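Order of writing sets the chain letters: A, B, C, D, E and F. Residues in each chain are counted from 1.
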Amino acid sequence: MKIKVINPNTTWSMTEKIGAAARDVAAAGTEIVAVSPQMGPVSIEGHYDEAFAAIGVIDEVLKGEAEGCDGYVVACFGDPGLGAAREIAKGPVIGIAEAAMHAASFLGGGFSIVSTLERSRPLMEHLVTAYGMTHQCRSIRMTDLPVLDLEVEGSNAEALVLEECRKAVEEDGADCVLLGCAGMADLTARISREIGAPAVDGVAAGVKFVESLVALGLGTSKRHGYAAPLAKPYEGAFSAYAPGNRR
Amino acid sequence: MKIKVINPNTTWSMTEKIGAAARDVAAAGTEIVAVSPQMGPVSIEGHYDEAFAAIGVIDEVLKGEAEGCDGYVVACFGDPGLGAAREIAKGPVIGIAEAAMHAASFLGGGFSIVSTLERSRPLMEHLVTAYGMTHQCRSIRMTDLPVLDLEVEGSNAEALVLEECRKAVEEDGADCVLLGCAGMADLTARISREIGAPAVDGVAAGVKFVESLVALGLGTSKRHGYAAPLAKPYEGAFSAYAPGNRR
Amino acid sequence: MKIKVINPNTTWSMTEKIGAAARDVAAAGTEIVAVSPQMGPVSIEGHYDEAFAAIGVIDEVLKGEAEGCDGYVVACFGDPGLGAAREIAKGPVIGIAEAAMHAASFLGGGFSIVSTLERSRPLMEHLVTAYGMTHQCRSIRMTDLPVLDLEVEGSNAEALVLEECRKAVEEDGADCVLLGCAGMADLTARISREIGAPAVDGVAAGVKFVESLVALGLGTSKRHGYAAPLAKPYEGAFSAYAPGNRR
Amino acid sequence: MKIKVINPNTTWSMTEKIGAAARDVAAAGTEIVAVSPQMGPVSIEGHYDEAFAAIGVIDEVLKGEAEGCDGYVVACFGDPGLGAAREIAKGPVIGIAEAAMHAASFLGGGFSIVSTLERSRPLMEHLVTAYGMTHQCRSIRMTDLPVLDLEVEGSNAEALVLEECRKAVEEDGADCVLLGCAGMADLTARISREIGAPAVDGVAAGVKFVESLVALGLGTSKRHGYAAPLAKPYEGAFSAYAPGNRR
Amino acid sequence: MKIKVINPNTTWSMTEKIGAAARDVAAAGTEIVAVSPQMGPVSIEGHYDEAFAAIGVIDEVLKGEAEGCDGYVVACFGDPGLGAAREIAKGPVIGIAEAAMHAASFLGGGFSIVSTLERSRPLMEHLVTAYGMTHQCRSIRMTDLPVLDLEVEGSNAEALVLEECRKAVEEDGADCVLLGCAGMADLTARISREIGAPAVDGVAAGVKFVESLVALGLGTSKRHGYAAPLAKPYEGAFSAYAPGNRR
Amino acid sequence: MKIKVINPNTTWSMTEKIGAAARDVAAAGTEIVAVSPQMGPVSIEGHYDEAFAAIGVIDEVLKGEAEGCDGYVVACFGDPGLGAAREIAKGPVIGIAEAAMHAASFLGGGFSIVSTLERSRPLMEHLVTAYGMTHQCRSIRMTDLPVLDLEVEGSNAEALVLEECRKAVEEDGADCVLLGCAGMADLTARISREIGAPAVDGVAAGVKFVESLVALGLGTSKRHGYAAPLAKPYEGAFSAYAPGNRR
């Protein structure tokens, strides 16, 4: 089974970390292809960044279909381009925010999300609502760390993240903690140990859930909501992406 | 006051119709600039189309800021790129779905949406929820007309739309009807007359609401949710769009 | 176009301030008629006050229909008598709470309401829910100022309101602030400047939205929810208000 | 114990029927005072009627407090004036819509409301939402009977109501049926027998629930939401109702 | 009328206190039978305890039907076994959590729950949602007292409960307070006096509401949701409970 | 890895079918132990059956912990005993209703449930709400087949189930179909083929999701909601189940 894990930003050091996290948990027969798009933002911290990252995700899924990928993980906590990706993928496509939230709902009665910049809070609130997780979400705690600070050796990022995770459990009554940024994938085990409660990394959860669905022979439904894009022309710079042209 | 009305698809015959609808209702001192992006889908009928259309909307808002536009209407019933557009606009940005829903909520106790392809229903349901309009939405009726059929002379599109509007009022208990496609803007007056209830065209409502907010000196808030994109590099084909590079 | 702005309480100094705020933003061709009812409470601070104020609002709308008014703004943040007013008005009727909330939802991802007495909080919570704005409302902050203290020269009312607005943005994550009392209309510009985020005055927003709807030829729907009252006798003191008797 | 049952409309034939229904179920020591206001609409079929009926309800509660009433039932399915009545009553005040809905929620997993004119549907939907009964409400079925037709001897009103109750159980999956008009109080027993499921009359349920709360020594809370009206002048025709003046 | 009040745990000192509270409020003709099951947990503080307590509740309702009981109160704030009990009872069955919440909703605009161990919070949140009381629930305050500490003479349990009740009213804006444990039934009157707001004991409210429904001739609906269990074999230790075997 | 799949009813022919379905999808290293409790109902079709089945589930999880099971699937679409099971299991415990709903939410924009007796509809509606899946659930279609008819050779059960699945997709707009009974596990592949959309069997999905969580080192959180039962005596027939006694 071949699963493509797409880091929607173009920071390859993060992509490598994400790829390692994915390979760590992948089953014996699973090939992980971890990629970043060739174009787009180096980090995703708002709607504007997300709009461009979505095109990168689409581009990688289009290639993935040609390369025989069986499923996809969109490895950014905002799930950019997820709906579009589902329209063009035969197999399952899972975002790491949804993977983490659904996993947490199997493990406890309420989760908290610990993430990066305060300005991304509304994006996360929107996902919590969209995935029907309002009743599960105890709190969203932002460290106010820029995404790329997680990549800097020797920063105090890890300590800050850990502190918010601890407060989520002690003060907000969270049963589990979700690490709300793909760049935190390597902190999971340590945080879980320190707080005495499951810490869920959406990259790892996403890989296992895609593996599960593929093993069950289940792909994205092509009826109604995620039916394949209708064939039609696209103008200008995007003409190569016109449905029907390429696939 | 200069308001840019962006038809996010690239079908200029529709853009002209939209521009005419906008000019019909604009105040004396309002200049309407009706445009389509230079790139992207000829019609928007799913998540995939929307992802590309969002970039076109962004492109037009970036230009609009340079051209001194005071506000924007995003003239596609799915409100593509709305969040990203708000991050980069100083003035207000309103989508026609939200404009129509909010207008209807001032006029009656419940509305129905009449729109095009069945496959777009989940997109509309998502907007109804996102805008907090669940309690107002009596029904969503799809004619199963492709968007561009509305542009074809002599089609029975108008009759089909009218029939669904009539059923919305008679069978579903709608007080008002929303025309769920910018391409229906020219049918509003006739439908309203025939069904004996307000028919709301989002393009017209969007123009008036943007005019209203600009007149009040109100623009998009730059605190929290729609703060300006952080300066950062964008790789590859999108490098010109990197925040800080261009504006 | 003639718009009647009804201050539902009988404190004319407030009515004048409201009228001035309305005239400040009205378009060139709009005539603003600002009135208070001839009967009812001097301020509205609970369900009991509201019940009487509603009759005053109805009385002014009945007169307004005879006077050729094209639309109405109900200038009390509890929107008293709004449903009844809609049943008897041909044009649009907008309450300042709903005007402010809808305006704010165009400008940001979340608003806070800053208002007067703590005891009015449940009324505001009810409106937030009724208008589908739960997802937008970050907080309701009450200054615990009686409504009429806003009319007293030299009180520290303005400072108190400003302080709560600042906290709404800094502590509660509000993108915009709504001034939850018609008596605060004159503070809007200053507050907006001080907090660096849009402050929305419902009177101003209500006037512009009514203007917009009238310009679009849209009035209150007479189907279902706000159909005209059925003709029937009313007994005793209210006999003159019996539907069919008067209009 | 003295309970005042207020029929908010001025049709005394209905008031007598309501009083009889209340006395039928009252405990041995309970005195039922069934009244209609001296002023207001002969039937309540919309927001406009309700606004005037609310004043009548208030008037009767003010008198009731002077007369030593221990609690109140507001016997119109729209619960007019309920909030205001609670601000001025020491004892409990219950509307028949809320009484019926809460009773039904003790008896089954879902109820349907069967009522009168189609135009009152939005009022009932609003109450269902306001009372948190969305998950319990299987359907609202309107017979399109005017309220006063229920008072006409030999009409087919009873047959029509029964037919809708039967459909509610058979087609909509209702476990119980609520009779959505005080004028249907005398049909309860027969309907319950015919449909083989509980039919709940809000008048009867309201009387028993008020009796229960009074027996428990529980009255309307005077903290926050229903605190007594603040003393203040009321102008003109309503001056006698000014809080502080009268009580 | 015979009402069985079932304390689902097996601590008879608590059962006696509950029985006394029930008898204190019962009407002249009402016989209260207060029991604990013969098997099961001595206190109920989680899902595991609740699962066993539910069988005890069922056992007592089965016996109660044979003994001619007219209705039942399930006297544990988690309402264990309530649905099953309704399937086998002809009369009404009310849990004390639902009784208290519905009573409070008649008395004020928002309530708080004050209860025992922090670990029971999710059970209570679940009930608040299931009963449609989200809009009424201002806060859930846990004293972190084990249930049985309420039975210990000279403990400071009462002071702790009172303190949280006071904070609920002063800090959380509660109009009423619900005592979230049957073991607190004897504190009601004193707490209500001290906090100046209604304190609702679910045992007392449950008894009066069951009395009310029985007096109205209303029992559990046997259509749909709580229809009698289908006859079928049960294996092993539970064979005597097989529907059709016993009743 | 050892996963116990618990059929909460005592019909071993169904248990064998469920075990086969589980083994079909289990990974190479996964041992499936499929069991029925030694006591309880032969099928689960209501709250009463569920209460007894919950004890059987608990019994099997207690044994499973002693036997070294790494995780559990509760194979009845009502998820009986799920909360209690989580309190006593170290590893993950997943019900097949929740597994199926979460899987479907990864594959499409809306699902329908096709299940057995009409009387179980409220149980399913409750789960849909409890799992936050209201926005995903297009319809619940009951075949009105008793559960055990699915076990009868030559019945038309399969045809009936297929027909409802087809209608769910064609008429209700479902993207996926959930088979709402463990006894339908063997129909999945055929139905999926016939309706051209994913049919999700909760048993298979549950096994893969438990495998995934175990592989990730994630078990049930022991903080707050599912903390281990407190040690305490249980009286009578259940004394052996007292927490602290046994484990």
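Note that in this section a contact is a pair of C-beta atoms (placed from the backbone, for glycine too) under 8 Å apart; a residue touches a chain by one contact, two chains touch by 3 or more.
Small disclaimer: the values here were computed from a predicted structure and weren't measured.
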Given chain A and chain B, the chains that contact each of them: C, F
Per Cα centroids, the chain farthest from chain A: D
Inter-copy rotation, chain B to chain F, in degrees (Cα atoms; steps of 5): 120
Chain A-chain C separation of Cα centroids, rounded to whole Å: 44
Euclidean distance of C-alpha centroids - chain D vs chain E, Å: 28
For chain C, residues that touch 2 or more chains besides their own: 109-110, 118, 121-122, 129-130, 135, 173, 224-226
Which chain pairs touch, all of them: A-B, A-C, A-E, A-F, B-C, B-D, B-F, C-D, C-E, D-E, D-F, E-F
Residues of chain E defined as touching chain D within the complex: 25, 27-28, 92, 94, 98, 102-103, 105-110, 130-136, 169, 173-176, 189, 192, 196-198, 200, 204-205, 208-209, 211-213, 215-226
Interfacial residue positions of chain A with respect to chain E in the complex: 109-110, 135, 173
Chain A partner contacts - residues on chain B that touch it in the complex: 10, 37-43, 45-52, 54-55, 58, 81, 83-84, 86-88, 118-119, 121-122, 126, 129-130, 146, 224-227, 229-230, 232-239, 241-243
Residues of chain D that touch chain B when the two form their complex: 118, 121-122, 125, 129
